[in-house]
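Two complexes, one shared chain (subunit A), two partners (subunit B, subunit C).
Entry: the complex of A and B
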């Protein structure tokens, strides 16, 4: 029916498409593995392990290829020529930001799946129902689709599918709280995508194209563009839980199954911000002289302060981490106005800072949520004041918490520090010192709530001396993620060198 | 102008739907209100994207609307599944707390 011919722009075409196809295939295989689970229980961990291995090899190869060959942008055009009707050309773009996010997805996805099912006692003590596996792989495929998406229709399909998958995964947990949170989240994400859809329609009516690169070349600040851009930004902000549209997030993160919270906080939230960033780079320059950049930056600043203050007041561990996510998303938005200031070199620093913050926060937050799961297993409670005495019994878990915490605070030498340093350089370079104050205050506040956790954990108390230990695989996975935030703080160049300004994107 | 009729109809539906969405706490009604908003939004997309600057007919608005409709269907199924689970869990809990399995 459909003739598919691919125009080869570079030798790298098929690997990029496989970033989406491989997780899709893995979702199918996972369904099969689930069916055979009763007869061949060993098949699930081995099968998943093999899939994860292939996926890691693919992204690693793309990364090394990108670094060595200096290929920073690869465009893949796939032409659909149906027997009737016009020919459709579907464009996928793999640039530095897309590659970095694909790497982050691989790392966090691998860690989460290993943490969930590839431990010796996974069969006797499952931490997720069977439906988790195919859903998780579909989520990875959708995420990669979003990273590579180069037009509004692809991005719309991506964020839409991502929202629905995320809701379904939060609804997997068998508690009334989780189902209520999933419903609230569903309505938020649906409203957000309606706004995005109308915005996309408006822009198509005005410019006659949905390709971001073409739009970026034609864009001018008029009423229709402002309305379309505004609607899309607002819709995505609702999905990314940007202050003041964050109401649905704490309950959703706190009540979901542990691996779902990890994937959601580390990757799903990032996807909406990433799409915002793509639009910002295309349409933002036309609105650089309006109040819009200041508004977005101010919302980010308030999110940092408000999210951190709320995190300080929580008595439950997972709620504290959820509020911290709202605060850390604020850092990304603070970078947005800085992207439109100063010269191209400065803008590139800020872009690197925003993407590094996504990586740093993704890794640290995944480690932190896993650690929270271990502490809940150990103490049998989600309350922070029950952490007393865990420091002596779970040293590795607390070390993980500390390392991840250092990155969240933005202290050297961690990936979080590199990200905030780059953002701060952008703020100083363009003379906008006010954002620097916000960055510093946010760092202090996050230090306060992380240290509060650590202090409670290392306090000795008579209450409880029997702890249930999580398995070694679980502890090591979380530790390795936290260790990565440290390593990426010491060696930032391999990732940062991938990010250059998109061609014709910001340059005035 | 044909397109302005769709524009007015679409905006009207979106307004009605949003009002219902924000005013009702009942989740099933919210779902229905979302559908009214969604229909309005799809009309708006057709009206706005149809007025193509270049003038030639494109398949893109139809693709946007088609995706929107598919998403609406998937979202409805998901919402109904969650609503049913919420009901079952509530019944389950009531049965356990009251020690009265018949209720």
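Entry: the complex of A and C
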């Protein structure tokens, strides 16, 4: 028989589970709305709007609760006992990092859906086919499952489903290039999941449990753990396009539909890094004295360097942005070795830095991709040298690009700067000055490719406005995302106070 | 929050809000934009005026909140802050008036004035920053908000200059950030305080403090355009004249110099910095910059380029004054921060007037311009004599205090640097003055003459700000003994720094 026996007596867990259920429900409703749109055209926008509103209210409520009383770390176990075979336990953990990522998902998800337009069929330039909406909602549900997942099985299901959904979404664009890129991505993500599954199997065989918290308590640096941990990290690294496993990413991002690129760069990549982070916090301390932390950090540093250099070489806008994603993921990895050094306060600082970098990059990259879409529409070309004159005629779009760029460079005041400050403070505090140099140099490198775009836009072009302007809603959504990177750079406490280390104190 | 904490915030908002509204304003609303600019500038001057009086009475104006765990955002008005804030707010008004006239009938004015106001916001933030973190925040914001002004014209030359500008300033900013982080790792979040804060720290840290000092100064020296980090400044000349004026007199180079002042006086404390032997290398760096840049100025044939090298040399007077241990040297440094601003802005306004009215960019074309544009040329002459240090102009006061300070500090070599550079100043300014007044007009006429006004030599928007700033050069010199003159304010601040 099947049964859901969980901590049902603690009602406050339910809001957290709703983080997964609500988008799932929304996916179903979207499918229904799509089918009924010929008969009841008004239902579609209102329905979508209502779903987005509920979702935002839910995460906002959780956020405010967390800021006020500290995050109430709750573990929810859902037992699934089939007629035959072993009993499965799904463990969901709601903690600060999960909550922050859920918030980011809400913000970017909402912005993307609004940007795409709540009425796909009515828009004069349909930016995505109707199948986009249910898929996007499913993607959000899967993402939230990953943020909350606290055992290897849940996380495996999460990353596997996420990969397949992402492939399907990239394939929504029917150009040959997109199908090619989607296929390459499919191989990468399947291989990554497979590696993860084998690694998880090894660990389960050795320790007899799948729960991360239990594993973290028992782990020791033996061969089986090393192999399992290594396989899982490698598999996730492939999915996150960590250098040198990044080959699939530029084509996938550049050829996908705009909203798909936004979601993928801002959230899907982060999910794999986030799962890496969860495992790193559980298993990493056992390997603190090996070469592993240095290796991961070094890969991050090379990613920053190589990604930036390649971004600078690109002649196409979306490719530049895609390479920048590879570089920016490097920053996250540079934080990994720092997590294993120093005292609890320092580790908390670094953890805050990594998560803030995820938020900063997510928001900035989403804004940047949207802006890229506007510029492609406006100039009718994806080429960077066609941006000439856009500075005069599309000021708001360029301002958005500038604000997002400032955050990517890590210049103050921006969320990217806060993240850089936290990571660099961690590097200094634990005496690993080499990572400080990497962070500072990385900022300068990203400045070079961001400014290349701005410089081109400042070149004086045609006197008359010959550009095709994006709609006001599109411009404002992108701008608001970029504005958020600015505001989060001036007010970091509300988000940071959500983060605590497992077993650590609450942020000051 | 009481009204005293609102004051520094309002000062920032007076130009930030202006910037935001202007960004949203349609391009053709020229009159509304001009009015907004002027109202913002006047409100700012009034707010700063209230704070100046308050600070003199011993009041504190402070606003703070925690931005990051362990890091505060602090705005505070102390004597030093009001010095720089006063300069910026007054010169912003003049430059705004000038810019309105200068950019008449040119495109992209919303963008220009938006970033212009943002630039002033950053400058005020730098002035009022109460700790190193806040200073860094606005220091970098200044870099970002001046870049669109430098590349405003969108020509290849402007874009190339903008690129060099950013290469220098962003790298300088990264170095500064490294220093700030290092210091933060050692001592945490410390506020600027008169007399310095670091000397109270454990003796074991003093070695690292010396290294951090070097890192911070290198980061700041890029904006202060100290040799060999000055390369961006002469190139940035391609910017429109009001931008050059602002860059040279108020915003960018002064931000660097002011940062050095803050680090030496309010972070390390002048006595502590002297005891760590940090002052004499700083003085040497300044001396080299002064002499080298003056020589380079001699070799320039373009007016704005010559002025640019002159700026490099003059800003290092401030740094030289900082490195002279003793209140007299401090007064010299502080007072020159203001005096150089008034003199240099006048000279750049004049250069802009010549370029706009007569199309003159090269010094050789200035022959006889004194008869065609007497008021502009008089203003230029005043600025040039001020720079040379002729009494009773503002520059004389600066040089007098710097010289006496050098002797008092036992650094006689600094006195010789001052003498040599004054001679060089004369050598590159007097020939221009001579051309203006005593050479006959060139036979082939002006390069590109425009009739900008029926009654005056050039448009009133360009002329009157120039005349007004020129008059302040006399005023600051002749009325140096009056209360609230730059000199007496510098004396007040110096007394507080030396805890007299």
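Keep this in mind: the second predicted complex is superposed on the first by the 476 of 508 C-alpha atoms of A that agree within 3 Å, B and C clash if a C-alpha of one lies under 4 Å from a C-alpha of the other, contacts with A are read in each partner's own complex, and residues count from 1 in each chain.
Keep this in mind: a residue touches a chain if its C-beta (ideal position, glycine included) is under 8 Å from a C-beta of that chain, and two chains touch if they have at least 3 such contacts.
All figures in this text were calculated on a predicted structure; none of them were measured in a lab.
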Query = Once the shared chain is lined up, is A:215 touching subunit B (first), subunit C (second), both, or neither of them?
reply = neither
Query = Is A:458 touching the first partner subunit B, the second partner subunit C, both, or neither of them?
reply = second
Ask   = A:237 contacts which: subunit B (first), subunit C (second), both, neither?
value = neither
Message = Applying the document's definition of touch, where does A:391 land relative to subunit B and subunit C: first, second, both, or neither?
response = second
Inquiry  = Quick check for you: in the superposed arrangement, does A:321 touch first (subunit B), second (subunit C), both or neither?
reply    = neither
Task = For A:183, select first, second, both or neither according to whether it touches subunit B, subunit C, the two together, or no partner.
result = first
Request  = Look at A:164 in the shared chain and tell me whether it touches subunit B only, subunit C only, both, or neither; answer first, second, both or neither.
outcome  = first
Message = If we overlay the two complexes on their shared chain A, which of subunit B and subunit C does A:200 touch? Say first, second, both or neither.
response = first
Key: subunit C-touching residues of subunit A, taken from the complex the two chains share   = 349, 352, 391-392, 395, 399, 406, 411-413, 418, 421-422, 424-425, 428-429, 436, 440-441, 443-444, 447, 451, 455, 458-460, 490-493, 496, 507-508
Ask   = In the complex of these two chains, what residues of subunit C are touching subunit A?
value = 23, 66-71, 73, 107-108, 110-111, 136-137, 140-141, 143-144, 148, 151, 153-155, 159, 162-163, 166, 170-171, 173-175, 177-178, 181-182, 184-185
Key: Of all residues in subunit A, those that touch subunit B in their complex   = 85-86, 88, 153, 156-157, 160-161, 164, 167-168, 171, 174-176, 179-180, 182-183, 186-187, 190-191, 193-194, 197-198, 200-202, 204-208, 210
Query = For the complex, which residues does subunit B have touching subunit A?
reply = 21, 27, 30, 34, 37-38, 41-42, 44-46, 48-54, 58-61, 63-64, 67-68, 71, 74-75, 78-79, 81-83, 85-86, 89-90, 93
